[in-house]
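The following blocks contain the structures, represented as structure tokens.
Two complexes come next, and they have one chain in common, chain A, joined by chain B in the first and chain C in the second.
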Partner chain A sequence: MGFSFMIPSLLLLVAFFIVPLVFVGEMSFREGRLPPPGGGLWQNYERLFFDSFYLGVIGETMLLSVVVTLICILVGYPVAYFMVRHAGGKLYNLIIFLLIAPLLTPIIMRTFGWQVLLARRGLVNEWLQSLDLISKPLALLNSPVAVVLGLVHVLAPFMILSIASVLAGIDRRLEESARMLGAGKGMSFLKITLPLSMDGLGTGAILVFMLANGSFVTLLLLGGGSLQTLPLLIYQQFNTTRDLPFAAAMSNALLLIAFICLFFQLRLIRRKGV
Partner chain B sequence: MLTKLSRRQVLAGTVAGSALALASLSPAFAQVDSIVVTSYGGIWEIAIRDLFVADYEARTGGTAEIQIGGPPQWMSQIEASIDNPPIDVLVNTIDLALVAGRTGLVEKIEPSKLTNLKNIPDRFVESVQGWGVIFDYGAAGIAYHRERVANPPSSIKAMIEGALAGEYVLSLPSISYAPTPQMLIWSLADALGGSVDNVDPAFEALKQLQEANAVIFYGGATEFLNHLESGEAELGIYWDGRTWAHYSTGAEWIGFINPDEGAVMNPVVVQKVVNSPDTAWEYINSVLAPGPQLKFAEMVQYGVTNSEVVYPDWLKERITPWEETRWPPFEEIGAAIPVWVDRWNREIGA
Partner chain C sequence: MAQMAEDTRERWLLGLVTLLFFVFLIVPIVVVVMVSFTSATYVSFPIEGVSLRWFYRIVEYEPFANSLWVTLKVAFMSTVIAVMVGVPAALYLVRAKTPATEFLMALLLSPLSMPMIVLGLALLFYFSAIGLGISLMSLIVAHTVVGLPYVVRTVAGVYRSAPPDLEESAVILGATRWQIIRYVVLPQIRPGIFSGAMFSMLVSIDNLPVSFFFGSPSTSTLPVVMLSYLEHQFDPSIAAISTVQMSIALIGLVFIERVYGLKHLGAPA
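Moving on, here comes the complex of A and B:
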């Protein structure tokens, strides 16, 4: 009986995910605009997986997602820990508000904000010059650093909120017991708190990784060509080249890679005993 | 009297309601005398609604619905349902307009059904091989920050030399920006001694600019203005209409130059989709009419093609005459785009 309640959701899933996926799958086997010698059914996938340039693009896409995820963990965990363990009611609410408020503004606005800050005549370069730390403006914009900054800014709240919700549920008496048995603050954190918060950390990591993996606007506005990722190339194939079969093959490859990474991340988290 | 609904009835109602809601959004369910036309967003949408659609509706008594978006998306929609197309009139770039003609998405122009066609110079039909009419155009020249560039370059060649000499940083369109093959790659090649068959000079110049940290790229039209405003770049290749539209909003620091080589022509084509009703011709007539065209030019500050249109003085100074522009070989460029994009990705970056 309970299954019938799932029918509307399943219908939506089939109509807006499975059916388009089938279309994209079929499209990826059509002839592209720049087919490799010999052509063939798998030509678009051959071009993607047997050309060192496109393999490099896939590698860059993965590397960017991993770096952004790791930085979000490093930045997000202390914030989540402080929120749950040290912030009182009002401060806790204020931090939650500060985390959620930026999500209410469009991603494009936040990214434009970084453009203004990191520009050659932007605030950061002006400060550095006024402090005599640099003699001429640094090229901060249109660089991988700018992209990573922009993505961490956009995605860190997902990490912090995921970790905080799990940290809040950890029984403090377990840490107190460890301390009473002689463990220092660091040891009790490493042996008790961190393992018990792996669930939240894993959820946050999956969310951030997946969102970074498919991110596009931030790369387009802050990257300036310094990074080449699959979403950028998919947009390019659709917008400039109009090579839809190759764009479809890249889209399927991105989806497959995301599934593979998700699988390994879940295995890694489970192996940690959560 | 209250009737208690079963779970099955609620579910059936939800599904039926959703289907009805979706169906009502579909243009296929629009009234028979209603047509679907296309427009870019922003001021374009306002201009098309208030001028062309208003003129069409007043003359014919029919209605026209506007679909916002861009040509690649619209063409995909038409391709997916060619027998009952969701769009009747397509606004297109010229390279894609030629593709739409070759792939059977649009009809050839029928002069007998377009009374306003007599005032459109032949070149605006011949360039599209009759698969539509050019009704509006932009020109890509040099836009610059007046306060930061005292002596702006007068040509594309001088612009590159000045940037390589460290006089300023350029903001140029990236390969993710659809008009880049014409407005940048071909234009640079043509200005630096190459051609559509030899774009090496363009790629060499771009690589030199990158090595000298003298260039940044923009992926969308608004980004160029941000680059100039934030000081990330001082000048670059940009549209006349967008430059003047920005000037009109109070940004009097921006200026535009038609370079010695000639600004690059970027026409906008209007096309009748196959299997669309004959009333679509009437809408195209409105698009080509001198009255709506003049008002359109005043709003978007781009040139229009009806020879009866007389621009007011303030606008005449801003619009690049089409005779003074360079016309890229659109069809050859269209065929070369996949190779150029691939080369750009490998040599310049995305």
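Moving on, here comes the complex of A and C:
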């Protein structure tokens, strides 16, 4: 099978993937709407990186992704550990199915589910009230809490699958040796298992961070404007302001973050020697 | 003995965390399915009565029915193109041993790591600039770019684990290149093609960030119509159409599991 087999796919990607991205790159240097005419080549980027509002948006985007990634690690690690170490045969397959099935449920559906649960008279508020934890319903919807819940719900399975695939490959004799040499359960976990599973944790963290950075449906429907992130702003620029050069500059900033993540991901894969 | 008791305690504790996590994962989905069967005119949970009226509304409300048709057309066409383009590439990349293969593979998979909103914006700018504008064709091409990595990845995965001996024997026995592909390679990678195509289709059906940029009466896909509906109204018809869409995806997933096995999907990237 010669190189000719590659040609259709390369043509497709060059014409409809690489060239369009270059095109956006060029677009981002055109004159935007807001700055006075003659603002220079980098005007859109200057506005993006020096205006405190937009700088705040970039910061909020990153902060949200970091929080979501940390929660996914905290929630995902125990689940991955249980799945690899304690769930045999049928239960293991069931867990895999339960992890992958939600990945294929429509994104709108999951968001809608949270809207129903978190509404003023939704299930969560009613539970909290019946337990006498709160006296008045909380405004859970359209808040950062709702966004984080929604994103963890969508992204945690990616983290779990990444950690589990590495945990499964750890030689358990290493832990047993540590235990025999007198290390306690916690010590052998901290000194042996956790460091050995760092690759999976890293891959999962990069993946989740990257996906959280680019997500906008969850933010749009659950955030209700309480959080401003880059994808949300791109959506708005496109929908209402129609300042395309500036949208292009924001899109490039998002792309740059993705490239940095990709770079770390490739380094991790290399180190594993796959 | 102390160690065994410790292990049992660990198992129960972790089991509990896992159980709670899956409750968290599944409850929002189950809630939507239940709401879709409500007889009330508003969204409430628990539901008050059971009826199929909201499923009927899907058929009645024209944008839903129309966009479902657009969605299926786009998913099918983009997948057909992705398979035609992606399968040969996967075959080449698995067997070729040049320094460039790693780079080419990364290139073919790279749309996966792209923020979808970036890709959507870029393709819209580009299609408008070259005069294709918003059309069914440009939407199909956009979805092909998104679906291609799924096809390449699954086909390459299956082909990589197929032993090369069979092809070598066929060569020795004098088979031509096309005979080898037709009678030796294709039967071996069929499960990979099938699963990759299934994934490409499922991803296309649920794609919102790319499709969003291609909204027009004839090119709005179901998720785009659902999003704009949700931004203005909040009634159980969204639950009903979600339930339908999820059923389609679940049937697809069961097929993939039968043909390919979900275990292989465990490792990302």
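Definition applied: the second predicted complex is superposed on the first by the 241 of 274 C-alpha atoms of A that agree within 3 Å, B and C clash if a C-alpha of one lies under 4 Å from a C-alpha of the other, contacts with A are read in each partner's own complex, and residues count from 1 in each chain.
Note that a residue touches a chain if its C-beta (ideal position, glycine included) is under 8 Å from a C-beta of that chain, and two chains touch if they have at least 3 such contacts.
Model, not experiment: these values are computed from the prediction.
Because the two structures share chain A, they can be overlaid on it, and in that overlay chain B clashes with chain C. By the touch criterion defined above, A:Gly225 reaches chain B but does not reach chain C.
Contacts of A:Leu104 after superposition on the shared chain: chain C is touched, whereas chain B is not. With both structures placed on the common chain, the touch criterion links A:Gly214 to chain C but leaves chain B unconnected.
In the superposition on chain A, A:Leu244 makes contact with both chain B and chain C.
Residue contacts after overlaying the shared chain place A:Leu254 against chain C, while chain B stays out of touching range.
Legend: residue contacts after superposition of the two complexes on their common chain; A:Met6 is shown touching chain C, with no touch to chain B.
Chain A has more of its residues touched by C than by the other of chain B and chain C. Touch criterion met: A:Val75 reaches chain C, while chain B stays clear of it. Judged by the touch definition given at the top, the superposed model places A:Gln115 against both chain B and chain C. In the overlay built on the shared chain, the residue A:Val19 is in contact with chain C alone; chain B does not reach it. Taken together, the two complexes place residues 1, 5, 8, 112, 115-116, 119, 121-122, 220-221, 235, 238, 244 of chain A in contact with chain B and also with chain C.
In the complex of the two chains, the chain C residues touching chain A come out as 3, 6, 10-11, 14-15, 17-18, 21-22, 24-29, 31-32, 35, 43-45, 81, 84-86, 88-89, 91-93, 95-96, 104, 106-108, 110-111, 113-119, 121-123, 125-126, 129, 141-142, 144-145, 148, 152, 177, 181, 202, 206, 208-209, 212-213, 223, 226-227, 230, 234, 238-239, 242-243, 245-246, 249-250, 252-253, 257, 262-263, 265-269. On the chain A side of its complex with chain B, the touching residues are 1, 4-5, 7-8, 11, 33-34, 53, 112, 115-116, 119-122, 139, 141-142, 219-221, 223-229, 232-233, 235-244.
Those residues of chain B whose C-beta lies close enough to touch chain A in the complex are 7-8, 11, 14-15, 18, 70, 72, 75-76, 96, 99, 169, 174-178, 180-181, 213, 216-217, 219-220, 223, 226-227, 230-232, 337-339, 341-342, 345-346, 348-350.
On the side of chain A, the complex with chain C involves touching residues 1-3, 5-6, 8-10, 12-13, 16-17, 19-21, 23-24, 27, 75, 78-79, 81-83, 85-87, 93, 95-102, 104-110, 112-117, 119, 121-123, 153, 156-158, 161-162, 164-165, 179, 185, 203-204, 207, 210, 213-214, 216-217, 220-221, 231, 234-235, 238, 244, 247-248, 251, 254-255, 258, 261-262, 265-266, 269.
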